[in-house]
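Both of the next two complexes hold chain A, though its partner changes from chain B to chain C.
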Partner chain A sequence: MTRVMRIILFTLLLSAAAARADIAIVINSDSDVQQINRSEAINIFMGRYRKLPDGSVALPIDQTPLRARFYRSLVNKEMAEINSYWARLVFSGQSSPPQQAASTIELVDIITHNTNALGYIDSDQVPASMRVLMTLRE
Partner chain B sequence: MKCLSTLAHSRLALRAAAAIMLIVGLLGVCFLHLAVHFRAESEKDIQQTRLEGLVSTVERTAQIACFLEDTQLASEVTQGLLSNRIVRRASLSRNDGSLLADHITNSDHSSGTPLTRQIASPFEPDRTVCQLTLVPDQDWIDGQINEATRFLSVALLLQLLCIGLSVILVVFYFVTRPISDISQKLHALEAETGQKLATPGGHRRDEIGRLVTSVNTMIDRLVNSLSEERRQRLAREVEERRYRTLFDNVEVGIFELDDQGRLLSANPAFCRLFMAGEPFDIKAQPRVFTTLISEGGPTLRELTTRRARRDSVREWEMAVGKGDQRRWVNVMVSRLEEGRLQGVAHDITERRRAAEAAEKLAVTDPLTGLGNRLGFERRLSVIERYHRLHPDHRHALMMLDFDHFKQINDAHGHHAGDEVLRQIADILRAISRQHDFSARLGGDEFVVLLDHRTPRDDLAVIAQGLINSINQPLTLQNGQQVRLGISIGIAILGSDTRDVQTLVQLADKAMYRAKREGRNTLRFHDRHLAFDI
Partner chain C sequence: MKRILPLLAVLLWTGSADIQAQTRFLDDRVTLSGFGTLGLLHSNQEHADFVRDIGQPKGAEQGWSSRIDTRLGLQADIRFDEKLTGVIQGMSQYHSSGDFSPELMLAFLRYSPDPGFQFRVGRLGWDVDLVSDSRYVGYAYPWIRPPVDHFGVLQLTYIDGADVTFKRPMGSDLIWARFFTGRTNSRAYLSDELYANFDADHIYGGHLNYETGAWRFRAGYTRIESDVDYGGTLADQVAQIPGFNTRRFFNAATGFEQLEVYSVGAIYNPGPLQLQAIWNRDILIRNEIWVDSAFVSAAWRFNDLSPYTVLSAVRTHDDRDDPLNSNIEQRTWGVGLRYDVANDLAIKTQVDRIHTHSPGLLWRNTDDSWNGGWSTMVSLGLDFIF
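Entry: the complex of A and B
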């Protein structure tokens, strides 16, 4: 009985993963920036530079539901590590974590109203008003 | 220094201790050197590991600081590193070489080899964001190393010292002390009194004990053989004294000769016999035995030839000295050993004189002192032998007969007759030459054997001289005078006969012929007449 349950659960998980889309880093389509590479993405999201390739200020936005998946994809780290990273920097005050968006809707709202804001979203949910700068394959 | 070296050579314990200390010292230096070397190496490794560990500890923070180029955080990292005394200088530099943070201690210590670590981005392990350089404080490291090795050295030295001392103590206690004990006891030991060495306590069953037992056994043997030797020496001395007394005081001459016949030793009796009492001097020129002999005895060759010397005992009689001092000695010589002869000499003078006297008595007429019949016959046999050897030598025999001798006896008595006979004997002695021999055969019967060198004419002269002497009146003791006539018969050996008995007969016949033909005359044997009678 337990074995059967386990097999069923495993199959469900697999199909869910297969069903999930990649994560896309997106920006307001009004922005001049066409795309960024992984390093630039890391630099922006981990607070090294707050600048886009074209020199304009970058405003990275975290999306709480996707946050764990995103960082695992981008820097291969768990949330605990990411939190610890930011906690270390609180004292120097030189850098701060990205702004938090509680949901995809809130994220879309922020990006739509701010050309410098960039965030991440399931690649199959990218609205027309946004440009995909980079796709993170899981 | 020399005194010390002498002491070390004479003291086993000191020498052993010195040797052990030397070995321990040498080994100690080697081990210490090795140990210090390895300890220093391992201490260096430890310090290196420590540096690496420090770097690893701060690596994460450094990664973040570099990633964000956060100088404050970077400075936090470098300062934190400097709180370790091993670090002299810590710096974080960007890829372009510009410094993010750099801290250095105030001390003027020297720097070691810098340790550089590339710091990667915390999110992209492949991307280097800066490098961390740590300069170690070499003086401090050296200090650490020194401290570690110093402790090690002291420990090792103490250990070696303890081992060395222990070995010395053990050697001293178990080996050198018992040996020096034994040596001292042996030195003070009076072995002659039968004293023995005592085994040192606790060594009864080991090598020391066996050594003592062996020494005691040897002492026993030595004492035994010494006393045996002493006993034998005493016995020999007694023997020697006995022999010496005998040798010195015996009346028998004892002497030794070498193979050249030279005297090696002689006792006083020998010196009295052979050297007129002159004592034997062993240092003087050795005297050859045969030169001491005046007559008889062996020649030097007889005495010393090899074959003669093999004979067991040889004996000679010999005369020593001249005239009245002449002594007769019997000498027996035997071989003592190779090249050495021993002799014994007896004085036989008295015996020989007695024998000679007896012999003389047997052949002498007691009344006249001339030869008797026995003497005459012996003389005849001597002449017979002599004649056989020398047939051309002619001995003459005179047979004498006195005319009217019986009347003298009758007229004057036997004493007068005897006196006449003695006077006749004196006359015969007076006319006799050295080698002539006169004898009285009995009564008034006399013979004279004349020397073979007398010619026939001389014989007649001698005979006539005798007749003339006899014809002189003889004066007796009582003053009376007597006259005698004499008839002489002469026969010559060789010309008349070759046989002595026949000679006597022929002389006798010639004498009777003289008697018949007028008395008081002489007649030679005449072979033409011989058979007429």
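Entry: the complex of A and C
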């Protein structure tokens, strides 16, 4: 029994060590917005209501390599479901999905040049020029 | 079948050419995208042909048919600046002209100076209920096709006009409303021998929406006032009768000139579970007839597989003796499976058991002796976006 317990403990430790960083939703540090809650993040990234708490228009940016992890964490949906969701809104002319950034470098570049652009990034890679608005635990 | 072969070839080519690409950007101002469905249906009903909606002049006969569900849509989204955008969408499907001739489905300008306000003008979808304006986009829903008992009786495809949308957050919830007005032309087939041409010159309505967590609720209303004339062999025969006003006769029988549509619906979608329920009531004001239609649907995602079930029903409430044999009473129970092969490609299969008490507008090529009964439809579909 003790042996089994050891194996379980060892496996748990291994999986904890292998866990990736959390995902941070970030904005340009020049923005007045200090934080957002999960509902606001969902409204902005899912195209329901794209307004920041300070009243300015939110410009959400998707980061392609992190997209699947981000939406699984934000709304518990796989990419096929997210694409299905956007197919309904795009092809009925209701709304458009976030702009796409192909890499972290491109994302940082967009956010650096737009105070109302917000994106997501591995929480251990947040540059000093950005403010974390919210962290999604994985 | 001959007519749709070239379309199928184009669909296959399009589907395989660049299936991984979500969108193609032309200098960031124009985004091109598209959607489509390859649909095959097997009907065991020998006495009547199954249609997807009242706009289709011919249905799926006994055996296999690819007519009713196959379609291809192409869209361009144009961004003029942060506040002004436009959308153009063309689609080819088997529709009221009796072929796959392309139609302009959307063509509008959108002005949105603030996330809480939007104004659109041009050709717009008819979003009378939660799903109606995306009912042709197979990739967007779990089913092979939106439940025919409910969506098959919708009269309008699009509206040429304008709408305004107001959104307000309420704590973590969202409340929003849309009001629309416009006009359109459409054709509805009552049978193989009779169709109605709607010149709907006064359409107005709106809907109120409440979104909280994984719930979305909508209550909607549309009023449609039309000049309606009639065609087909039955209309031609009636027109032969001296001194008989065909139009007046059929309008008195159908009451199509003034319609009201009420709708209430809810969607619950917390992660893998997706529940939907919508109820509509169409009222033909002149004759005090109304048509109730509704469906409930449940889908559950297990990795790439989403089994689902859907129950739908439609019934005409008419105290008269059904003068044109157009009254419907039917229930359908369907089960199906959606398999997401890739993030832009889904394969679906569905079995429907339809219990028809009165075939009315929803069947074609109906034997005189057929007053309804059980039918089984087996469908296969391939839905894609690009």
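Throughout what follows, the second predicted complex is superposed on the first by the 119 of 138 C-alpha atoms of A that agree within 3 Å, B and C clash if a C-alpha of one lies under 4 Å from a C-alpha of the other, contacts with A are read in each partner's own complex, and residues count from 1 in each chain.
Just so it is clear, contacts are C-beta pairs under 8 Å (C-beta built on N, C-alpha and C of every residue); 3 or more make two chains touch, one makes a residue touch a chain.
What you are looking at is a predicted structure, and each value in this text was computed from that prediction instead of being measured.
**Student:** Do chain B and chain C fit side by side on chain A in the superposed arrangement, or is it a clash?
**Tutor:** Clash - chain B and chain C, as placed by superposing on chain A, overlap.
**Student:** Classify the contacts of A:Arg88 with the two partner chains as first (chain B alone), second (chain C alone), both, or neither.
**Tutor:** In the superposition, A:Arg88 touches chain B and chain C alike.
**Student:** Looking at A:Val75, would you say it contacts chain B, chain C, both, or neither? Reply first, second, both or neither.
**Tutor:** Touch status of A:Val75: both partners.
**Student:** Comparing chain C with chain B, which touches more residues belonging to chain A?
**Tutor:** Of chain B and chain C, more residues of chain A lie in contact with C.
**Student:** If you stack the two complexes on chain A, which partner ends up touching A:Met46: first (chain B), second (chain C), both, or neither?
**Tutor:** So A:Met46 only meets chain B here.
**Student:** Among 73-81, 127-135, 163-171 or 181-189, which stretch of chain C shows C-alpha clashes with chain B in the combined arrangement?
**Tutor:** With the two structures superposed, the offending stretch of chain C is 127-135.
**Student:** Under the contact rule defined above, give the chain A residues that sit at the interface with chain B and also at the interface with chain C.
**Tutor:** Common interface on chain A, chain B vs chain C: 39, 48, 75-77, 85, 88-89, 92, 94.
**Student:** Under the stated contact criterion, what part of chain C meets chain A in this complex?
**Tutor:** Contact set of chain C toward chain A: 22, 31, 33, 35, 73, 75, 77, 82, 85, 87, 89, 106, 108, 110, 114-116, 120, 124-125, 127, 133-134, 136-137, 139-141, 167, 169, 172-174, 211, 270-272, 301, 303-304, 340, 342-344, 346, 385.
**Student:** What does chain A use to touch chain C in their complex?
**Tutor:** 37, 39-40, 43, 48-51, 57-58, 75-81, 83-85, 87-94, 96
**Student:** Okay, in this complex, where on chain B does chain A touch?
**Tutor:** Chain B reaches chain A through residues 61, 64, 67-70, 72-73, 121-124, 127.
**Student:** Mind listing the chain A positions that touch chain B in their complex?
**Tutor:** Interface residues on the chain A side: 38-39, 42, 46-48, 74-77, 85, 88-89, 92, 94-95.
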